[in-house]
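Take a look at the structures below.
Both complexes shown next keep subunit A, but they swap its partner, so subunit B is in the first and subunit C is in the second.
For the complex of A and B:
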């Protein structure tokens, strides 16, 4: 039963990704202009244009071009960048790692922090600490991510204090994690965007669990409060929160775009913005697919966690 | 009552994006309960909450500023400077001039109208599309339901911003493209809410009565179903408006929304952030305006969610 549901979700995800790839590929067919001319420039001779068109497979039927593009994605061949003239995979190589560093660090900070603050809020329900936390999360949840980032930059790197660098400036070829101080602001910004939802969900489920019969029972038995919270309440509150966490982590896949642009962080998001500005179709296609794939995979994990932790499904089986 | 966003539902494959701040604990019951008594009671409940009043004041100030700003221009303009960044409170403009020697105050006054207009139109488009699709899916069920909801899943598999960037690559950064693409990416999220809300009312007697009288289907949807699902839709409307403002501002900030020399808050932040140390006003003013606007609207949305939740709690008793 559970295995079947997971397999079904998996298949649905694969189908969704295929449909997304259709969307991404055929949307770019609407583009006016000739990709071969975009690469060679206005001065290109007709013979060279024809040769490149043949080489890029532009004369093939649309469905064949789609299939070869899709096939290329699986072997890491993302096509040729019109802006650099080089292969897209070369352009993306280091950037994927750099973006993942940003996302993982943000997740590692935001998830435990969100759970802690949410639990604290629930335990001090209705008191000062809870009101402060609720207010702060409500404000943070409303702000667009670049606004949070700019506020942090004015606070910590330009106007109020000048403690941290506001842009990432690793020399080419060097890895971003060799400069930890440059990672602080982008990571903190992302964490501040993601954490509020986790805090609010954690608070809501924790309050529900604390009011439940088995927590009252544990307290009546004389179990120490600390143990009531850690052993009885927290594990039961975590299951619904796991889904929200996964949704937030999936959000990170798209959220890095603005943050990387703001901090000039050499990741996929920055590359995507540059490519859109240059109308560099192959790069836009490749990065959109990568981000969509990441998004779908994390969502799939969220669903699987949801299925595994849902006691109703377990007993139905 | 569960605060769990129902991982068992048939359509959770894409998961509802970043879980809205207000959609967590408070909004969920509103979707499952029939809305017995509404607007007058609901409105009073919303106004009764201090945070709704704070939100209305914050958002109201910025909306007024954005709408009346262009009218104030005759008193503010006329300043320009050949300096890179004029100093505030000097003859060259009250708040100095920006990177091209343009008066910061005038650009700020003129920069909010389009942001607000685009965000409102995008939200409205998303609301109309989403509500119609959601109601249709729930009411017709069967094949139409699964086609609509699978289509939703595909759209939800691409992060909103990436989808917008893809559209802008193809169609160019124009106003109608921004409005359409943000509206279309909102639609599946609103459709889910509308579908869930509709599903909870379609078995009511008044719907059955209308069906027996052979009222045409569209009339049932618009005069029987729609008035009874406004509660959850209003909450969703507030949330989506927050996200629309964030999305339009973010795209302009990336340089892919409004194009220079348009005066726009998002674009202003992008243009002036290189001179953040010399001339902070060009960044700080629009950042504050966007922050107040989104926080204000989010506060209103949150109290709407609370109001419809308390409404249902009292219904049950």
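For the complex of A and C:
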């Protein structure tokens, strides 16, 4: 039964990715500008433009171009960047790595912190600690990510404390993680954006679980409080939170665009902003597909975790 | 035990042979300081069971949990002591620190919760859950010893104890099995006292009998004291030696089981006793007064109507006569109109025919076919003839059954839920559909009403075949079959006022004006004896019994010909159940509608139904007049059910 459910989720994911590829491809067609002219510049002669269009297949029917682009995706060929003239995959290789570093660090900090603070809030329901946590997370959740980033920059890298660099300035060819101090602000900003939702959801489900019959029963069995929380309450409270975590992680993939732009971080998001500015259609398509794929994969993982942790689905009744 | 029975409150020292003694316990709400337990005292001796009896809100669970030193959120201890015997010494659990209290909980005093489905951890295997309590209390010297103990308690509660059984999750067990796991868990550490909080509420009679037997046996064999919290006095008679009756946070009567149940001194105990339905129908549960303040005067208006045959007096829906309610242009109009005719003529006629049957219908106040065993036999068909005859003219097409189901079948995958069910309801007839959980009784009720439309076979209303699903049925057809759901706590929209909820079905009739509808709503509220002042309240402000009355009013407001009641009393206290049964029976007689009363409680049979159908695994195994089924059950299953009914 479980295998069937997972296969079904997988098939749905594939269908979603196909739909996204259609959307991405035809949406980028609507972008103003001509890729051939973008590559050759304003001074190009009509002949050279025509030749390049022919070479890039721009004269083919739209559906043929879509299919060949889609086929390229399967073999890792994302096309040619108009800006650099080189393959898109080469351009993105390092940047994907840099973005993943940022996202993974943010997730590793935000998820446990969110769960801890949410649980703490639920346990101290109605007291000072709970009110403080609720207030702070509400404010953070209400602020756009660039505002949080700017506040942090003001606090830590300008007049108040000059502790951390506000922009990333790794020499070309060197990896971003060789300069850990430059990672601090972007990672903290992302974590602060993502964590509040996890905290609030965790608090809500934890309160519900703490009021449940089986938690009361565990206490009446004489189980120590710590074990009541860890063994009886937490596993049940986590299941709904896993969905929220998935959505937040997927959001990271998109949210990173703004953060990277803000901190001049050489990642995928920055590349996307540049590509849109340069009418670099192939790069825009590739990054959009990557972000979409990340969304789908993370949600798929959350679904699978949900299925696997539910004993009702794991065992036939 | 006899030392502690009569005057528990005064004497100071704990008798040597006491497992649990509660003295002058006071508990108050933290929010407003209002006291909810006003000095409760009781004591239990090893090997005996004390029943703590009372209705919802009487504080019996609060008192029971205080025995474990536990107070639910919003409650706090304000006075009194709770002495628990730990290795022969009495310890005041309320004086202990939290870790010390934990040592006693589950060890010396344990708890069996009301709803095992909610109280077992759904993500832990049952073996692990029992093992956990042994671990926490350091039972035995080795893991093997603890595992052996788990196997042993599983055996004690009559469950298989092999590895496969212990590796099951709670959802893989039936309700009765879950409850036995709860008992096994409570019993694992050989406690001195077990507090059992309504452990059989929600179980059907056979399972209940098994659980009661397990509890009595454990208490007697291992010298465990039991505090058995319940609202059902029939259960008390089965399981307890001592009884303490609670009302609004006070113990009103306390003593030996025989004395309290058979020679009750306090009027409240007598009222509770009179509400217990019995298989023989000797007691008329229709006689109950409003005990909890739940009901404003149940029987006063009935007396007038029932006896004299002029029942129109208070609850007659005037609206019905003045403005033809659901206007339907179709051919149904005839049937519908004549139905409304029934609701006027029947009250006058039925009691007349009823009296001919020596009080089956209009005996005493309750108008429940309560006693008078002599006339029970012919009563069923006799009464149904009444409305049929008086309904007159318009019913040419339906001489016999108003609702007729033929060969209903429904399967979910390989599981045959309904396996060829045929039954028919005549106008004015009340039929009980009896079955245990999983027998398919609710499914059948839902098929008849069209809530489940995927069945095979046919359902006829007045001889015409109905479309399977409600959506395909005409407004008129839907109006004529109404449904009351099991739980009044979930069947009413909490954001709507009572009047808004009741008005919903009236909106099917587009030609009515808001003023007319308001009038009908108020009439319906009168009909269910709630009174008009309830119209603008919301369900949150009402008690369970009041909510169920609202749900009944919502079903009645359109003057249905068939009322399907799906376990309408199983979520309610016994005394509230009595008043609801009383109300339904009265309404049915007044309006002449047919009623299908779905339940697992066979003890209600004589109090509600003329005919009785017994359902087992999707098949009707026994169906006849109630008296015939109860006195000469044809099927072994029916006999077993009857044998398992606890009685006073």
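Methods note: the second predicted complex is superposed on the first by the 303 of 317 C-alpha atoms of A that agree within 3 Å, B and C clash if a C-alpha of one lies under 4 Å from a C-alpha of the other, contacts with A are read in each partner's own complex, and residues count from 1 in each chain.
Assume a residue touches a chain if its C-beta (ideal position, glycine included) is under 8 Å from a C-beta of that chain, and two chains touch if they have at least 3 such contacts.
In this text the structure is predicted, and so the values were computed from the model without any measurement.
Visitor: Between subunit C and subunit B, which one touches more residues of subunit A when both complexes sit on the common chain A?
Guide: B
Visitor: Which holds for A:7: it touches subunit B only (first), subunit C only (second), both, or neither?
Guide: neither
Visitor: Given the touch rule stated above, what does A:104 touch, subunit B (first), subunit C (second), both, or neither?
Guide: After superposing on A, A:104 lies clear of both subunit B and subunit C.
Visitor: Applying the document's definition of touch, where does A:211 land relative to subunit B and subunit C: first, second, both, or neither?
Guide: second
Visitor: So, does A:64 touch the first partner subunit B, the second partner subunit C, both, or neither?
Guide: A:64 contacts neither subunit B nor subunit C.
Visitor: Once the structures are superposed on A, label A:151 by its partner contacts, choosing first (subunit B), second (subunit C), both or neither.
Guide: A:151 contacts subunit B only, not subunit C.
Visitor: Between subunit B (first) and subunit C (second), which does A:220 come into contact with in this model arrangement: first, second, both, or neither?
Guide: Second partner only.
Visitor: Share the list of subunit A residues that count as touching for subunit B in one structure and for subunit C in the other.
Guide: Overlap of subunit B and subunit C footprints on subunit A: residues 312.
Visitor: Provide the residue numbers of subunit A that touch subunit C in the complex, in ascending order.
Guide: 211-214, 216-225, 227, 231-232, 235-236, 309, 311-312, 315, 317
Visitor: Quick check: in the complex, which residue numbers of subunit A touch subunit B?
Guide: 9, 12-13, 16-17, 19-20, 23-24, 27-28, 30-31, 137-139, 141-147, 150-151, 153-154, 158-159, 166, 196-197, 200-201, 204-205, 208, 239-240, 243-244, 246-248, 250-251, 253-255, 257-258, 261-262, 272-273, 275-277, 279, 281, 284, 287-288, 291-292, 295-296, 299-300, 302-303, 306-307, 310, 312-313
Visitor: Okay, in this complex, where on subunit C does subunit A touch?
Guide: 65, 68, 70, 72-73, 98-99, 102-107, 110-111, 113, 115, 118-124, 132-133, 136-137, 168-169, 171-172, 185
Visitor: What does subunit B use to touch subunit A in their complex?
Guide: 1-5, 7-8, 12-19, 21, 24-25, 51, 153-154, 157-162, 165-171, 242, 245-247, 249-250, 253-256, 269, 273, 276-277, 280, 283-284, 287, 290-291, 294-295, 297-299, 302
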